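Look at the two complexes coming up: subunit A is in both, with subunit B in one and subunit C in the other.
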Partner chain A sequence: MLQTEQEYIRILRSRLEGTLPHDELDDILSDYTEHFRIGKANGRSEEELFCSLGSPEDVAREIRATHFVKKAEDTRSCRNIFHAVLATLGLGLFNLVFVLIPFILLVVLLFVVFILGIVFTVLGPVAFIYSVLQIAGIPAFAIWLSPAAGVFFSIGITSFGLLLVLGDYYLAKFFYRIGIRYLKWNIGVISGTECVT
Partner chain B sequence: MNIQFKKGVLEICVLSVLAHKDCYGYELVGEISKRIDISEGTIYPLLRRLKDEGYVTTYLQESVEGPPRKYYRLTESGRTEEHDQKEEWMRFASSVNALLEGTTDAAD
Partner chain C sequence: MSTDKQKPASSSCIACGLRFRGISATRIILWLGAITLVSFAIGFCILALSGNFPPTPGHDLTPFRQGSTLVPNTTTVPLDGATVGDVQLTLGAGDLTLQGSAPDDALMEATIFSQAAEWQPELVQTTNASRKFVTLIEKGHKGKEWFAVDSPNRWDIDLNNKIPLRLDVTVGAGDTLVSLGSLNLESLAVHTGAGDTTVDLGGYHGGRFDAVIKNGVGDLTLRIPKDSNTRIQVHNGIGDISDDHGLVQHDDTYMTDGFNTSLAVNEITLNQGVGSISLETV
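Moving on, here comes the complex of A and B:
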């Protein structure tokens, strides 16, 4: 591969185009153009500068990850956090274990709690109707000690279900905030390969 | 040395260099890579993050040769951050050193 300034800038641009806004992309590219310009003025070759900068692909991955995490922080949505996690995965195999697996476990946990909440919420009215039928003398399986207890039980179980759903919502918000902080920290620490001279 | 290890301390290094003087990118990269062997390209994304966090601001300044250069300057909150991180690092480093020296003593 050619290790020229032009090539470095070309790779960066092609990896970031369409992801970043134009002015931000231009700003980033100008940092590297300046780096090459001053380096060359100091008598270093383009190849030398290219190599000590390291792989432009890694730089692009890091910028993408930062961009998506910031976006997920500014606008909370499932889509944005999903993009942020995906972009962070690109930083290294390492993150399959340290980002993807925790993320999947959390999503499953939140989903299971949500489903449980819904089930309990729906179960309440069902138990209620059941108890009312019993009180009305319509024969049904006697699952309660008394139909009256069944009425209270049904109210309790619906409240519990609603509480679970509400709790799940706050839990999701909490993990979202912690997750963003973790991803930011992660970007600062995890990096890809190093250029060997 | 382990890349992850180095990258983790890069932020405090950048903040520390900027605490002494304003630098343009190439100069800052030079100051750091003089002492730590690192992919120099990753310093620019780090600088952008520091700018987003409000620790650093940039300004353009004319240079004797060629077009103006982008300088980085530590903000007030950047100075506080530098101070805090430095203290934390010093404490951490001296604890690790004490431990390492402790184990070699025991091995001897």
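Moving on, here comes the complex of A and C:
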């Protein structure tokens, strides 16, 4: 049970230290101090203020999630989006279903498309060599119904593979953008605000 | 109470658009898409021209050959009272092994290993008086070679040892092993396109014959009996000629030791394009 405003601020600081830059952390803590000051000036007790803000642990988790999502939005990288997802998971167990599972499915999808792209890109030239050897009349390499068609199919397979790899890159960018929006919406719903900026 | 006061993020490689030597990724994707579509369209057009598209019942829509197991199919051609044989073998692509071990009452016994039933060769046999004609030809070899041949076939052919034979062998691509030592030849013609060819006449004691052996690309080995009266005329393009010193050489002509024109002479003409020629006496 919290006793004082100082204790609240101390817990908040301890939970956020190491996550946020010092200046940002100081800004946030001063905002909370100000919030207490104004609340008290308006005649509200510390208990009422604690109740309206929520526990410092919950507030710290929310701030962490918002911070990491913002960071992932500003600097796109696998590491940042991974941290953002982990931080969002901390907001509630139900996010295992609403965040973690969709995230894993998307990662698997992107990985599979990438691997398929690589496989096609590599197999295309191999199939092309088989076509040429089949045209040269070497029976061991006769895999195509028609070696002439095989030449064109090989080219098609290679370019399709490259297309998959490139497409995977843009698909990843698209999912990244959608994912950030979804995480922000998720945090907003949990924190009870319509929009988290 | 917001975390908006972060410093502007530094740009990363992922954030910036892909560009390759000034060409935008969008253009590259469009080109790749176009190449993919056009390539597959041309591929299916060629399949259609070669009769493989649309797919027939029992065959899926695939540009690849189906079934990897070689299925043997043996056919026996009876003599039907003929005393002379005329055998013509035409294999588009594949390996041919020919020898003289057919049953006495058969002119030919052919075992065909083919990956697909439709690649089984066409057999035509006719009899004219005492001469029996047999033609075994790979169906895909007729016309449209570039589109539908090259089935990975293997033919094992056994011929009759007793009756005189005119033998004409054509192999487009593949290794050819012709063991004729036990046969009785009237004439021999071997035409091969690409692949190694071995014509083995070791132990031959049949009648005299004229032979023409033409090999396009690949090594050619000719094996003849030491005690035969044989003359070999060699026309070679690019490649070495080697012999085991069992033959007497005069320019492009090689003769067996003790060659005598007053006796029955086996005349062999060798035409080699690219590849080595090996002449052996046994």
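Criterion: the second predicted complex is superposed on the first by the 173 of 197 C-alpha atoms of A that agree within 3 Å, B and C clash if a C-alpha of one lies under 4 Å from a C-alpha of the other, contacts with A are read in each partner's own complex, and residues count from 1 in each chain.
By definition in this document, contacts are C-beta pairs under 8 Å (C-beta built on N, C-alpha and C of every residue); 3 or more make two chains touch, one makes a residue touch a chain.
Just so it is clear, the structure is predicted and the values come from calculations on it, not from any experiment.
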In the overlay, answer first, second, both or neither for which of subunit B and subunit C A:Arg37 touches.
-> first
Tell me which of subunit B and subunit C touches more residues of subunit A.
-> C
Kindly classify A:Ile28 by the partners it touches after superposition: subunit B alone (first), subunit C alone (second), both, or neither?
-> both
Taking the superposition as given, does A:Leu20 touch the first partner, subunit B, the second, subunit C, both, or neither?
-> second
Which superposed partner A:Ile190 touches (first subunit B, second subunit C, both, neither) = first
When the two structures are overlaid on chain A, which partner does A:Pro56 contact: first (subunit B), second (subunit C), both, or neither?
-> first
With the two complexes superposed on chain A, say which partner A:Thr66 touches: subunit B (first), subunit C (second), both, or neither.
-> both
Subunit B versus subunit C as contact partner of A:Val97, first or second or both or neither = neither
Starting from the residues of subunit A touching subunit B, keep only those that also touch subunit C in the other complex, and list them.
-> 28, 31-32, 35, 63, 66, 70
Given the complex with subunit A, which residues does subunit B contribute to the contact?
-> 3-4, 7-8, 10-11, 24-26, 29, 33, 38-42, 44-49, 52, 65-67, 69-70
Where on subunit C does subunit A make contact in their complex?
-> 1-6, 8-10, 12, 14-15, 18, 25, 28-29, 32-33, 35-40, 42-44, 46-47, 50, 52, 62-65, 93-95, 146-148, 150-153, 172-174, 193-195
What part of subunit A is in contact with subunit C in the complex they form?
-> 20-21, 23-24, 27-28, 31-32, 35, 63, 66-67, 70-71, 74-77, 134-140, 142-150, 152-153, 155-156, 159-160, 162-163, 166-167, 169-170, 173, 197
Residues of subunit A that touch subunit B when the two form their complex = 28, 30-32, 34-35, 37-39, 41, 52-56, 58-59, 62-63, 66, 70, 94, 184, 187-191, 194-195
